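Okay, so chain A shows up in both of these, paired with chain B first and chain C after.
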Partner chain A sequence: MPNSTNTTVRKDTRTQEMNKFMVIVNRLGIYVVVALLLIAGQCIRPDKFFTFSNINSVLQAVSLTGICAVGLAFIVYSANFNDMSLPMTIAFSGMVSVQLLQYNFVLSILGGIAAGLLMGAVNGFVIGKLRAHPIIWSMAFNFVMSGIVRWAWAGNQIYPDTITENAATAEQFYALARTYLGKSIGLQIPLMVVVMLVMFVIGHVILTYTSFGNQLKIIGSNYDVGRLSGINCARVVFIAYMINALCAAICGIFLASLSKVGAYYNGEGYDFECVTAVLLGGMTLAGGKGNMVGVFGGVLTVGLLTNVMNLLGIPTFNQYLVQGVVFLFIVWINTNSARKLGKS
Partner chain B sequence: MAISKDTQEYALEMKAVSKQFPGTLAVNKVDFQVKKGEVHALLGENGAGKSTLMKMLAGSFTDYTGDIYVLGEKVQLHSPATAKAAGIGMIYQELSLARPISIYENLLVGRLPVHKGLPFVNRKQAVAQAKELLAQVGLEHIDPEMPISEISQCEAQLVEIAKVLGNDPKIIVMDEPTSALSSEEVGRLFRIVEQLKARGLAIVYISHHLAEIFTVADRVTVMRDGMKITTCDIGDTNPQQLIEMMVGRSVSEFYKDRESTVGDELFRVEDLSRWGFFHHVNFTVRAGEIMGITGLAGAGRSELARAIVGVDQIDDGKMYLRGQEVRFRNMHEAIDAGIGYLTESRKTDGLALTQSIADNAMSAIIYRRSKFGFYNAKSPANRNLVKELIQRLVVYPAQPERPVNNLSGGNQQKVLLTKWLAMEPSVLILDEPTRGVDVGAKEVIHNAIRSLAAAGSAVILISSDLPEMVGLADRAVVLRNGYIIGEVDREDMSEQNLLLAANGEGEHVHA
Partner chain C sequence: MKTKLLKSLNQYRAYVLVVVMFACGVFGKNFYTAYNIKAILDSTLLYAFLGVGFTLCMVAGHMDLSVAAMANLGAVLTMGFHTFSGMSWGPAMILAILAATLAGVINGVMISKAKIHSFIATLGMQFVLKGVMYIYSKGAEISDKGDFGFADILNKWLKPLPITPKILIMLVIVIVVAVLMRNTRFGRNIYMIGGNAETAWLAGIKSSRYTILIFAFSGACCALGGALFAIAQSSALPNMGEKGISPLLVALAATIIGGTDTNGGRGSVWNTFVAVLGLMVMSFVLSNIFGKFEVQILANGLILAICVFYETITAYYNNKKIGIRQPLLEQRQKELESAQ
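The block that comes next holds the complex of A and B.
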C-alpha cells in the first residue's frame, strides 16, 4: 500500500473572509433589483402598486417574454449565445396554428406546436450535429423561414374568423389568451401567466435535476470537455433546441390568439427581448452559468421596470433610456460581485 | 563571473509586497531581491504565490501593497505598459506569439518602424531590426518574414526572448521556459541565458525541474503558502532540502518500489492503425499493471489514446477488452465499457474551468448515476462520493462548490484525476497526468495511480517526464513515428534507456 499517511492536510494560513455584502449580492442576484423595484413602486403609488390587479398586469405583460425566455435559457446555458430564428419560430407556429383552425381547435394547437418543433429540430441538427455557428445559422434560418412563410401565405396575414366557417372555433382560439383561472377563489389569473409559471417550474427541474441539464452545464462551459467526458453533445444540444422551440411555439400560439391574427411579423423583437431577460437573470453568453430562478427574476425585472415607469408617467421614448441605464447597472453589479468573489 | 563592487546593487527589490485575492492572501509580505547579472531561481509548489508575485512585476494588478524598486528607483507597476517601461520583460510558459503572423511583426509588435512622415510600415527597416534581435538569441539564420507557425517550438521560445530583449529590459522573468523543449534545446536555451547574464541582465527563473535550477541558477528563493521561506546561494543547498522547504514536510524517497501483482490480460490491441498517425500497434495490458507508452513529442502517443477511446477514428485493427472484441464510436461507449482517458491539457479539454470541483468530478458519470433521466448533483450519495474523492486526492481547498479556475494548477490536475477515479475504470489511460504540477501534488497523484493499479485496474501511462515513467511503470512500450519499436522491462527501466529507445537507439529497440 502506498504511503498515504504522509499526505495529511496541512493548515492553510492564507484563507480569508469573503466580502459579506458581495456574497449576499451574488447569492440573491437579480432579486436585489426586483426588491428595489418593488420598494420603488410602493413609494410611488402606495394606493395602487401592491394591488392584485397591478401585480397581475405586470405578470401578464411579461408572460409571453417569460415563456420564450424559459426555452432560450437552455440555448444561452449551452453557450450557443442566442436563437436568432426565435421571431420566425413564433410567427410560423402561430400561422400554422391559425391555418389549421379550419379543421378543428385541438389540431390547430398540436399543429402549431409541431411547426415550432420542426424548426427546433432543424436548428438542433444543424447546430448540434453539424456544428454550424449558432448565430450565423439561426440568423440565416430566420431569413429563409421568413421567405418560406411569405411565399406559402402569399405575403398575407390570416385571420381565425375567416379561416374557419365555425365561429365557435375561432372564439375558442381567441379565448386562449383571454382565459382567467381561479375565479372560484376570487382571483383572476390569466392562463398565460399560469402557463409561464408552470413552464418556469418545469424548466427549473429539467435544468437542475436531470442528467440532460447537468450535461448541458458541462457542454456549456466547454464543449470539448463534454465530448471527452462521454457526453453525447449532439443529442444534448438537439434537446436544448427542441425545448427552446417548444416554448417559442407556445408563445406563438398565445400571441396569435392575443392579436387575433396569424402574421409573419408576430414575434419580431422577441429574440433580443428574451435574451436580455435571460442575461439579466444571471446567465452569461459564455454558457454554463446561472439558473432558472434567476431567469424568472430577469423577466420580472423587465416587467416591473416598465410598470414603475408607467406609474411615474414617463413617456415611452424616455423609458428606453431608463431601461438601458438600469440594465447596464445590473450587468455591472453582476460582474463586479462575481469578480469580488473570484467567480469570474 | 566577476562582479565589480559598484555593480553589486540590486536590479530588482520587492519590499514587503502583498496581494490579496477574494478569500485568499496569495502573497504575504514577501521580500525579494535580484542582483544584476544573476539568474535567480524562484521555487514553490503550485499555488505558493510565485505566479502572483511575477504577475505583480508584470503590472497585472492595480492593488498590490508594498514597494518595488528597479535599479534602486521606486516604481508603481500598475499596468503592463508601466512594467515594460520600467524595464521588466516577461517570458510566459504559454507563448504570446501570434502564429500566422511573420516573425518580424511579432518581434516588433507595437513599435513597427514607419516611413518618415507616413503612416505606413517600413518593412525593410523592420526586417533589419528583427534580424538584429534574432542574432542576439542565436537565430541569425532564420528569415524574419516567415510566419511563427513555420518554426519549431524551441525557436519560437527564442523568438519570444528576442521580443522581450527588443524592449531593452533590465530584468527578465522566465516562467517554465523549458516545459516544451527537448534536452538539446534546453542546452541551447541555457547558453543564451548565460549570454544575457554576462550582459548584466537580472533573470528570474521559474521551474519545477530542480536539475535545471542547479545547472543555471546562481541563487534560489523558495516560497510556500504565499510567504518567502528562504533565499540562498545555489551552492549552499541541495535538491532534497529545497523540496522539503517547498512542501513543508519531509518527503520520503520519491519513487518507492511497488509490489506489483499483475493479473490476467485485461486489454489488448492488435494491428491498430490510423493512417498517418500510428500504424500496426500491438500491445497487451494486464490487470494491476501500469504500462508506459514512451516516445518523443509527436510520436503519436496522444493520437493512439484518442483513437482507442473512440474520439478519433480507427482505420484498421482490433481491440479486445477481457477477451471480447470492442470498438468505440465515441467516448460515451468507452466509458460505458470502463475505459477512461485523462487528457493531456486540463485547460482545453480536461476541465470545465468555470464549474465547481463537484461538477467536474462527476462530469464523466452523470449519465451512469441518473435514474430515468433524473439526476440530482446534490443528492447525499453524490455529495459523499465527491467528498471522498476530494479527501483521497487531498484537493485544496476542500470545498466541493469552489470553481476549479481559482484552484492552483496542481489542484486542478487532482480534480481532473478525481473525474476519472469516479468512474472506477477498469482501464485508465493517463496522458501526462502531472504536467506542470509541483512535487507535493505529484506525490499524491502518483500514489492514487498506484492504488488504482493495486486494486486491479490496468493503467496506460503516457508521460514525457522520465523520472515519472521510471518510477511508476512496470514496463514501457516505445512509440516512434507512429510505430512501436521496442519495449523496456521493469529491470531495465532507467531514464537513459527510455531516452535512447525513444530516439530509436539502444538494445531495447527491436523493430
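The block that comes next holds the complex of A and C.
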C-alpha cells in the first residue's frame, strides 16, 4: 500500500457558524422561561409571591407530575414518543394498593408498585422486543386496561377506610401524602416534593453517568446504529419502560393517598401533562436530546405558569388556552434552535 | 391454505367484525328490529367523521390528536352562532367549519413549515381549542332553545330504509372522500407522501402544501360531523364525550381496525367507516346482552389491542426473514440432514 504512508493530514478549515442566540436558547433552554415567570410573579404580587409557602405550594402542585415526568423522560429520550398508558398505570397501581390495604400497609405499597411494573413489562415487551408503534400500542393498552379495571371493580371507586377494618392502616395510607419533613428546622416540606427531588437526582445520574443512559442515547438518536453497535436494544427499551412504570406507580400510590380514593379515573390527563413538561424541558420527540435538568425546568414552568395565572385571577378553563399557546411557542423555539444549530 | 385464510380474514377484518357482531345479536332480545338498526347507524355519525379525518392524516404519515377537539369546536360554535348571535343554521355551520378549517391550517403550517412533530402540534392545538371553547361557552351547555326544526329534519326516519338524512349526508361525505383518495391524483399523492416522504418530494409533490391541505380538510370534516351531531342532539357541551369512551379513541380504534398502516402509506377511508360500524354494532350487542358499560370498553380495547398486536407480530417475523435467501436455506438444511 504505497499511498497510505504519504497522505498528509489536512486540517479542516471550515468554520462552523453558530447563531449565538440559538446557542443560548439551546443551552439554557427552559430556565429563561422560568426566570421570566419568576419576575412576572414578583411584579404581580410583590407581597405574596416569593414567600416560602407559595413556592412550596407550587412545588407540591407539580410534584406528582414531576414524579411521572422523570419516568416519561426515559421513554421520550429513547425516541418512543410518549407512553399513553400512563393514566391507567397510575389508576391501576393506586387501586391495587388500596385493595391490598386489607392485609397490610407494606404489602399494599409493594403490591401497587408491582402492579405498575407489570404494566410496564407488557409495554416494554411489546414495544421493545416486538417493536410496535409506541403511541398506538400504549393507547390500545390503556383502552384495554381501563376496561379491565372497570370490569374488575365493577366501575366502582374503593375507599381505604371501608376496605380495611384496621383504622390505623387507613390513617397510615392517608398520611403518605400528608407527611411533612424538616419540622425541626422550621420548614414544612411535603414528602411528595422530597420524593420528586430525589427521583430527579437519581434519574439524572442514571441518564447521564451510567452506561445504560449512554445506550439509551444511542438508541434514541438512531435505533439501527444502536443495534449494529451491539447494544441489546430490546433489553434497554424494556428497562426504560420499567423505570417509567415504577415512577407512574409511585405517583399512583401518592395520588390515591392524596385523594383518599382508588378509582379508574385517577390518572386522567397525566399522559398529556407529563409529556408537556418533558417537551418543555428541551427533550425532543426525535429522541436522544435533552437532559433531566431541563425536564425539571419544564416541570417548574408548568407549575409556575399555573401559579402566576391563578395570582392573575384567570379562570381554570381559560388557562388551557394560555397553556396551549405557551407550549406550542416553546416547542417551536426549541425545534427551531435545534434546526438552526444543525442538530435536527 | 391456513395462512391464506388468515391473511384474507385479516384483510377484511372490519367486515368480519360487522358480520360476527351482527350475528351475535341472536343472543340478545329484540335485536333485529328496524328501529335498532337505525339507532346503530345513527350512532356512527360523529365517529365516522372523526375516523375520516384521522385516517386521512394517518395515511399521510401524521397523527391528528385534535380531531375530537375540532368536532367539539364545530358543535359549540354552530350552536353558539345560532343561539347567541341569531344566525340561521346554514351560515352558522359554514362559519364554524371555516373556524375549524383555520385551526387545521395552523396545524398543517406548524407541522410542515415549522417542522414540529404532528403529535406535539396537534396536542397543543387540542389545549388551545379547549380554551377557546370554554371561553366562548363559559363552560356551560349551549342548547338551541326549542328550535327543533332542523333537528327534526335531520332525525326524520325515511321509513322503509333504516336511514335518517344525517346518515345520508355522512355516507355521501365518506363515499366522496373514499373516491377522492382512491381515484384522483390528489389522493394517490397523499398515499405517496405517507409511504415515503422523500420519494414523494423527489417525484415533485409539494408535500408541505399537501400536509396543510390534509389537516385543513380533516378539521373541516370533523367540524361538520360535530355540528351535525350537536344539531341532532339539540345541545352542545364544551367537553363532549370526555366521560366514558373518548371519541378520539374510537376514531383511532376504527382507523387501526380498518387496516390503516400506523406508519402511513396504506389505508382506506371506506374501511374505517366499516370499522366504525362494526364497533357500534358491537357496543349495541354488548349493551343488549350484558347491559354493562364496562364490558363495552373492555371489548373495544381488546379488539384494538389484538389488531395492533397481530400487525406487530407479523412485522416482527417479516423483519426476521429479510435477507434470508430461501434456496440457500433449503440447501443448508439438506446438507445438515445428510450430515446426520
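What we mean here is this: the second predicted complex is superposed on the first by the 326 of 344 C-alpha atoms of A that agree within 3 Å, B and C clash if a C-alpha of one lies under 4 Å from a C-alpha of the other, contacts with A are read in each partner's own complex, and residues count from 1 in each chain.
Please note the rule applied: contacts are C-beta pairs under 8 Å (C-beta built on N, C-alpha and C of every residue); 3 or more make two chains touch, one makes a residue touch a chain.
Just so it is clear, the structure is predicted and the values come from calculations on it, not from any experiment.
**Q** In the superposed arrangement, which partner chain does A:Leu228 touch: chain B (first), chain C (second), both, or neither?
**A** A:Leu228 sits against chain B, while chain C stays out of touch.
**Q** If you stack the two complexes on chain A, which partner ends up touching A:Gln215: first (chain B), second (chain C), both, or neither?
**A** first
**Q** Just chain B (first), just chain C (second), both, or neither: which does A:Leu207 touch?
**A** In the superposition, A:Leu207 contacts neither chain B nor chain C.
**Q** Between chain B (first) and chain C (second), which does A:Phe272 come into contact with in this model arrangement: first, second, both, or neither?
**A** second
**Q** Which partner does A:Met192 reach: the first (chain B), the second (chain C), both, or neither?
**A** Neither partner.
**Q** By the touch definition at the top of the document, which applies to A:Arg150: first (chain B), second (chain C), both, or neither?
**A** second
**Q** Identify the partner contact of A:Ile250: answer first if only chain B is touched, second if only chain C is, both if each is, neither if none is.
**A** In the superposed model, A:Ile250 contacts neither chain B nor chain C.
**Q** Which partner chains sit in contact with A:Leu117 here, chain B, chain C, both or neither? Use first/second/both/neither.
**A** After superposition on chain A, A:Leu117 lies in contact with neither partner.
**Q** Under the stated touch criterion, which partner chain does A:Ala170 make contact with: chain B (first), chain C (second), both, or neither?
**A** neither
**Q** Please write out, lowest number first, the residues of chain A touched by both chain B and chain C across the two complexes.
**A** Looking at chain A, the two contact sets intersect at 286, 339.
**Q** Can you name the residues of chain C that touch chain A in the complex?
**A** Residues of chain C touching chain A: 63, 110, 114-117, 119-121, 123-132, 134-135, 139, 238, 249, 252-253, 256, 262-263, 292-295, 297-302, 304-305, 308-309, 311-313, 315-316, 319.
**Q** Which residues of chain B touch chain A in their complex?
**A** 20-26, 28, 225-227, 248-249, 251-252, 256, 258, 311, 330-336, 341, 343, 348-355, 359, 362-364, 366-367, 369-370, 373-377, 394, 396-398, 403, 406, 419, 443-444, 446-447, 450-451, 454
**Q** Which chain A residues qualify as touching chain C in the complex?
**A** My answer: residues 81-82, 126, 130-133, 135-137, 139-148, 150-151, 154-155, 272, 275-276, 279, 284-286, 317-325, 327-328, 331-332, 335-336, 339, 344.
**Q** Using the touch definition up top, name the residues of chain A that touch chain B in the complex.
**A** 1-4, 6-7, 9-10, 12-19, 208-215, 217-218, 221-222, 224-232, 286, 288-289, 339-343
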